[in-house]
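Chain naming follows the written order as A, B, C and D, and within any one chain the residues start at number 1.
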């Protein structure tokens, strides 16, 4: 099994006719994902390499039965696209758009929670989700993932998500699902959401969690793990050597005072029984040990 | 000078035609308070010993120019009466009513703050306010107060307010104003409001503050005194010997765990430079010393 | 007024909050009848207004009629921290996947309502608040605007309740807030609020405190009153509308106003005595009330002196004096009475008493003098 | 993007928030001209993006033209914690009755906006939060619903602002929230917000951080950009759209993605090296961006080895390889380059580089291997 998406998930791409939307949408389809439609206002009735394009999400959902949407639109249109997806009946939205204003994210997140509580948003500014061999929504290279489980991956960082997949696949350890939650100020899906889903998924036997400095999501996840998680968790936190007070790339990665340091996060995770590693390779090796011993 | 009310304050009595309203309203008038009207719906046009009665606060204000109202109505009508006063243009409301449901108080308080920010409510469930020789709104016996200052009194307890007046007047120490703020869950006016007014009043030279166990208003007042108060403050906190966890008469007077104990309050006040006394008599004597040394 | 668990659950039900099917039982046979009706396994729960009944053996699981009989027999009559169990609540046992915590109460410093919600329920919330405050999602609610479903949805998210529970929990919280406000509760608490393995959310316990001031609009509270406090003195006082709390000392205290009554306790303590009670006759007490207060004090065998401390305001001292004389004419008061009378109509009041003063009915000019006199009489 | 005080005040003014009359001055003569215009006494304030300027002598009161001249002369050119003062803000001095604190920022864990208001302003809010957290009234605001005047009125009450200030403060807070949201601020802070003896409330300082992601809807921000960061490397990087932070080590780092870049720093550190910078080329970087990144690194004389760590996703490794070759053809890169290339089109990328590899352009199969190689080259 996998979490959030599987081989039956029907996906539409909002922004399919744009450069990025086309590139990643087709790449996802090539991987085997059921990309059943695209949405671009004004381009309804056309198609992109056989994928029908609709004017609105509502039309696309009515015509295709899609439940998931891949939002690949510029930052200024992203919030409206996400809300249109929710209103149109989509229940799982992946938004990879980078550079959305924080206030737009805050409003969008809360509007979803308040008006569409059954909708899950992944991202924005995340690499997406891949359930190897079944479904790939986002920008992850399918060829670095390995089907068959038993590891679930959840990561706040884009490229470290790939690194994590790579470390495991190279050792012949497959993944059930790999979720990149993104490092933006207001992510739609957080560590706990993913950990809970992996805990509930019978095929996932262990979880790799990639965090980074800044905020307190890793600490909250540690608390959740301590109380609820029965499966082994391996973690790596990026930014041990980051200087305090500087934004490391995205808004999430900033250390304020003694809060949000890698060390504080590693301590919290270790206290929760997590196997804490100091670089992605070590984390991969630790996971290999754990999986081989299962 | 005095705070909140003086010899020019024109007062209407909401509930003047009721037993209590009549008794206290006439008593306040006998004291010299400018009781210019009463309000009882349906009894407009009548009078109570020469005080004209109106059907609504709005009419009463229009006819008399009153700015203050004395609310003496049963608990079930008190909230509506207070809001009617605010809407009718009254800016100072004294409500002595005991037994108003806590939820009514919470709604009324917040509605005043939100919609009528210039209105001050004193009480409910308080003895009222007296500026000796000038104005007495409420149930305090005018004969226990002494005009001429220089002491301001603020008290959370009804009968201890009288006790405080008595202790001072007996020693020939007058009061500028004595405010009974009441011990209900959501008082309209709190210690800090009164302390700030006394601090700003040139004729008030020292303040007596009577608190009691429960809640944290005395601690907040202590913090305010530390930062803002230049005049000497003498305090007494009732309930040193009260057992924890039991409601002592009104909802305010309850100790939960180590919070809200008389000792905690006395410590906070002492740390703010307040002269902390262990009974009303000692507090009276301390104030006599202070005033004589002015 | 604190409610028993079963009363709290009945109260919750009126507001549409899901609870386990069950009923009360005052005897073993009633317990068996309820168990047969709701279906096994059942939980047999002691109904006492005190915490820690589980540890005291007051909550037991019963899988069949024999176990119900045995547990009901054991628990009825059990003494839990001084509270004797006279009634049981028998309910269908619930499978528990998760235990949460939810409550509403007044946030006095902020003059707003405070909601507390935690994914860590089933334990004392005070312990959670102390050890891991971040595990509690606090929600400040403007009493004017109340709690809407949208805000409740944000709240269950923030508290990280399990996803499957969130929508049901959000709806339940809106109902609980309605119960808290429309139902005039000082406290409405569910601990634990449970998620079952089948994905259902419901209240497994109920702690409700009603605001007595709101009784005028809740005639239905009459049924709760029948089961109130056991202490005969407190019961008697309540019937007479007095605010009475029993204590351990020897000096009976009567005062008007909570502050003055507390202050009287303090002063008695400071001059070497100890109070037998707290008794506030309230504002505007008349002769009848005063007489009733003396009778309540008189029913306490520990009392060896009585201190009546009155500062008239809305209460008139002449009425108080009349009440004292009336009480003396009605019943024989065992202990000597020391009075301190000031305030509204004090002169008239003292004049009424003057002809009756003797070594068992004494007035003193000040609170301190009166306290000293009462203590010396009590110790004589 | 952090704004200078004067920019923050100008930004506030657009939203109707009252500030002191004043203007900027880059020379002593300009300072005098502003002072004459706004009227004495004036405050001469160093414009630097760092705290503690007051203690460093960067804020002075001037009562007449001579004092303005003297203070402006002293402060211009002053070095405050490494920030050289190039601009002054001269404003009419305000009499202060009370100092408050007000701010809005995003509360990330709660996914809502957080307002902080305190009657204790003029000091560092972190100190107040530490020593006396109850002196701060926190307000959680649902971004969907925003802040209305009614709620702001409750808030100023709760914070115990002086009564005369409350209504003005409530109105100002609604405007500040509008500035924070409509103005796309990450932070909008006023410390102190003052009450004058005449009963007027206005902002005496302004700390504003703008959200760069919202630039597309704020063409007016262009003016703020001109005055940004002094560090020439950071400036160059910014112009090229790179996310660069200068550090103190010897190994130049280029990576795609903030997480991988941070991880690269960590790994370099673990194998005994130290990074000269953090540089994230972002997602989807092409050959131009890669070439620009190498040029920025090359401009840092401390760099003795370069570590390019790429895991292609949206970024294609063949593009990265082309960028490296382009940079090498355009400028002479002083330090040897170690590359680790994986992910999207990695095979193609490695093939492009293969003919050009030598002892100053090296590929390694893993991140750890590449880090070790870079460190040994740097130390050689």
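Assume a contact is a pair of C-beta atoms (placed from the backbone, for glycine too) under 8 Å apart; a residue touches a chain by one contact, two chains touch by 3 or more.
Please read these numbers as outputs of a predicted model, since none were measured by experiment.
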| item | value |
| --- | --- |
| Partner chains that chain B and chain C have in common | D |
| Farthest chain (mean CA position) relative to chain D | C |
| Contact-richer chain pair [A-D vs B-D] | A-D |
| Separation of mean Cα positions, chain D and chain A [Å, integer] | 28 |
| Centre-to-centre distance between chain C and chain A (centres being mean Cα positions), rounded to whole Å | 51 |
| Separation of mean Cα positions, chain B and chain A [Å, integer] | 59 |
| Residues within chain C bordering two or more other chains | 111-112, 142, 144, 150-151, 154, 157 |
| Per-residue multi-chain contacts in chain A, two or more chains | 110, 113-114, 220 |
| Overall pattern in which the protein chains touch one another (line/ring/star/complete/other) | other |
| All chain pairs that touch each other | A-C, A-D, B-C, B-D, C-D |
| Complex interface listing, chain A residues touching chain D | 20, 24, 75-76, 96, 98-104, 106-107, 109-111, 113-114, 127, 139-141, 144, 155-163, 166, 183, 185-186, 210, 212-213, 215-217, 220, 236, 238-243, 246, 248-251, 253, 257, 278-281 |
| Footprint of chain B on chain D - complex, ascending | 119-120, 132, 134-135, 149-151, 153-154, 157, 160, 162-163, 166-167, 170 |
| Chain A - residues contacting chain C, complex | 110, 113-115, 117-118, 192-193, 196, 220, 223-224, 227 |
| Chain D contact footprint on chain C (complex, rising order) | 110-112, 140, 142, 144, 150-151, 154, 157-158 |
| Residues of chain C that touch chain B when the two form their complex | 106, 108-109, 111-113, 126, 142-144, 181, 184, 186, 211, 213-214, 216-217, 243, 245, 247, 255-263, 265-270, 275, 278, 280, 282-284, 311-314, 342-344, 366-368 |
